[in-house]
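To keep things simple, chains are lettered A, B, C and D as they appear, and every chain counts its residues starting from 1.
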């Protein structure tokens, strides 16, 4: 019954991630999307699939009053005032921006080139990589939703560290390839049709902001992360090249991942072969496969950057905080 | 004057590489395309831009008589009888198939799963990576044209070995991404529109036939080569992750490449930044750039797989053998 | 409760339409997908999203026993034996092939170049253009599902005839553009990535098999139908050029359409402007808009060729025959 | 010899048409590209393939001094001051903007929503549809280069009028489809990758500025022109639906076109079948084919919108004015 549903708002609803999140919430059995906000309401009004939840351009003092759940899909640097307001209003909050993803203030400021917006919130914010922080998320009221690339790297990487499948020396290569939706919806030279189609390039080599996020949450300073821009719209495929620990093999690495993710509803470890981007587009899942080449472990993961890399992981986090079934509204 | 032009034939002219080669030859100032052959003459007749050089479906005993230059664009395993016939007829030969690319017969047979078709030709065949074998090519009558991926890997890699920029231990990662034209023109599940567009995947991990070719010509057994299939038509971008030798830096690596390729007409080392696939599509050039990330050298190279990775490199080789300007008909 | 669900089978489940239909049925609240059949079970096994309903390659004598609903997604010419078997077994049947779409046997045989496979079934078969044959469909056990192009043409056209908005003389132009999924899943020169991307062409001018289907169901011999192949995967946009009846205007035509489709759950007539293909991809809806240019009415309709043009319209028909809510499992 | 080459400048060189024109001029045997100008020099410096001809951002008083040829590739409304300056400096001028394409001032002002910028130049400006105005162009110093859509419509249409193949009553439908390069290089919602790929739409129905240009130069008020935006980069395919004159047939119409364009170097009338967009991309040619459907003549034309629809037609015009071979630098 609608009266009994939990109530949610989405701030920054006109971007790609915000739009995906609104679509998920509109189909959620236990959550009602009560309000959507966007600094671009004109554009958003045409885009947002939010019948019954008119787009608002200005956040009011009481915008979050009575809400159970607030999602921030704003750019980094501007989310935390809304985080505070939502927490003060008693809501659970998932911040999809980068503002609270790093505990390391110095690393954050170096990566984002500005003073940290809210160091006082860092203690409360749980890093929402669900499959590895589930219990902390359940007891939290504030989740920092992981970046898209970090999600694609950390999900295959963390269990291999834990199972001691990776050598303690030598570089760990993460060659990541993303669809152009990762660059956002603003028309720029990067998102121009002609510059995407039949093109491909690396970018941010050695400087991408997701590198310190990956390093912190993998607790590893040997990761070499290079992102690339694919001539397609959505999805991330990451190819990891890992120096095996003594005795580790393709089979033992696959077994370690399979064991780590046994029973996980949204992570699939292939019994053989490696996944393609196609396998997870428009899906909240991460698929991964293991191979080897000339002595290196080669692990390939795929996610939809707008879903498991953003909107669906955000909802997965919120479901947990609200005491709902983790995958409600996702499958 | 047409009577004085050198005369050439292309065997296997209906594939993508064969078609590109025919187009180049039709515009060549000093070579006349006298004959084109294809096992698929029906299809080819519609495709081939070969006015005045009607497609023939059957090679005759005297098909190569009087020719100066013969190009084989057939699949592997079937090129060498034509190589022999062309050599016997006195022609210079570039074999674009894989038949003569490896000196190591055992490695070839393991990779291609069949007995080697012509071990007696291996001594005569020069590996046609022009910028590194130019003098041998000039004095030769038979060139094995390099594979597309090996070209993209070896051009940036060889000078860095020579200049001792790469550590003598540790894996050398070559993460390569190719447009779908590398899979050829036959309609298959791989080349189906729906399976290419908005998709991306790795393939041949640990098993691709170009891995032993790269290893032999780099004289290095530490290379980890993983190819991927891009949702676009043409071009290869390879991202190399290299452990630096003691003292080697991004700058010293770039300088080594710049020095190695100074004066080369078809290789460009960027002074800063890294190249995009777009930069070399429909071009006979290789561009490369150097960066670093977390202690690894990151070198990115781009080529057009159908040109520098096939047709234009073949013509570059033939020009050299015939005593012509190396880039005649290419720029 | 699963025991009480109606039970369905899909024959020809490995094609694009069959796959879409299986996905819809797997999410249907009142229908259980009990069996899927394909002549290409190997390919299909990998494709079909049919957990719990293993793909079968051979139809048995009792394959349809006890089923409530059977969908035929086979090529034309081979569906009717299965239609008979399913009807004999007591099932309701939707035939997505072209076999029963025309009442006019002569026109069918001319268009399909073969003897009609089952003229005795023509009386029983109802043409399943839901919004115009709803009552007949409800009382039927056999529906011929409309072709994709005819659906895109007839939905905007029929109400304009009925409301006398179209002149009784002069050609009626239907310039239709379809994504390549309409050409099916088989790898051919038509569906090869390279021949689709960055390309566009008309085909079947004056000869396409959907022209007689459109003519019969519009009861009009003045329609000029020309299909084109878009460089994308799914969707049909049809631009109709109509000579207006005396007094008819853009506004009166729009009003006629709006009135005809008021209350229709799956047809939307835009109050202003014209729709884009994007608006209905992955949707069971048809959108249409009206404009005028230099004295002609210009009506643009868009559908997803695999859904409203095939799978979702088939399910819409089946829902009606089974006494279910017409849009159950579709929205 | 370089000293003897004619000298040219391109104003507005950073757009797609300007870039194509620069590429053509750089390969022209008899014309040297002396100067390129752009209001976006930063962007242009990276884009323009103009070695030896540095991009300038500001036009000087004497910018055109001594030049033989000046091309204006600016937006409409701002070209004519440069036209005057170039004419005053003694140059021949091709204006690729829309400013001088219509003799009818009232129609121009209605279409472009502003006062006409230079009615005094209208008498001197020749409409540069080469195949139909060749003699006037030869004797002129100022050519208004036709729009891309008008070129694609008028080339097939004009000879059919002249040969009396078209009925004197009834609408003439021109359903045109263009790649997105026609929308220009500025990043906008229209040119955003996500809004182009897998999408398709009509636009400017009844209001497109090319409609009055087509009407004036066809001298016909019965043309219904509707443009559409294809999910690809370059090329225009136009499908014409023509009411045949008494006695006119598909064969007679094809014969009329073949006769009109016999000997034309850049127009090809197919002996059978209809052309695809692919046939003319990156080519200065127009191909056309004739079919019929249900009593209407169906004529399909294809051009590259950036070449025959802009840059190459501009150079074809300039070659004529300068007394050069019409196709020099084009084939």
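As a working rule, a residue touches a chain if its C-beta (ideal position, glycine included) is under 8 Å from a C-beta of that chain, and two chains touch if they have at least 3 such contacts.
Just so you know, these numbers come straight off a predicted model, no measurement behind them.
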Graph separation of chain A and chain D (steps between touching chains): 1
Intersection of the contact lists for chain B and chain D: A, C
Longest centre-to-centre distance from chain B, chain (CA-based): C
Chain A and chain C, separation of their C-alpha mean positions in angstrom: 39
Averaged-CA centre spacing for the pair chain C and chain B, given as whole angstrom: 47
Touching two or more other chains - residue numbers and ranges from chain B: 195, 197-198, 233
Residues on chain A engaged by chain B in the complex (per definition of touch): 170-171, 173, 175, 177, 179, 195, 197-202, 205-206, 211, 221-226, 228, 230-235, 237, 239, 241, 243, 274-278, 281, 291-296, 298, 300
Chain B-facing residues of chain C, complex: 16, 43, 180-181, 185, 187-189, 191-197, 233
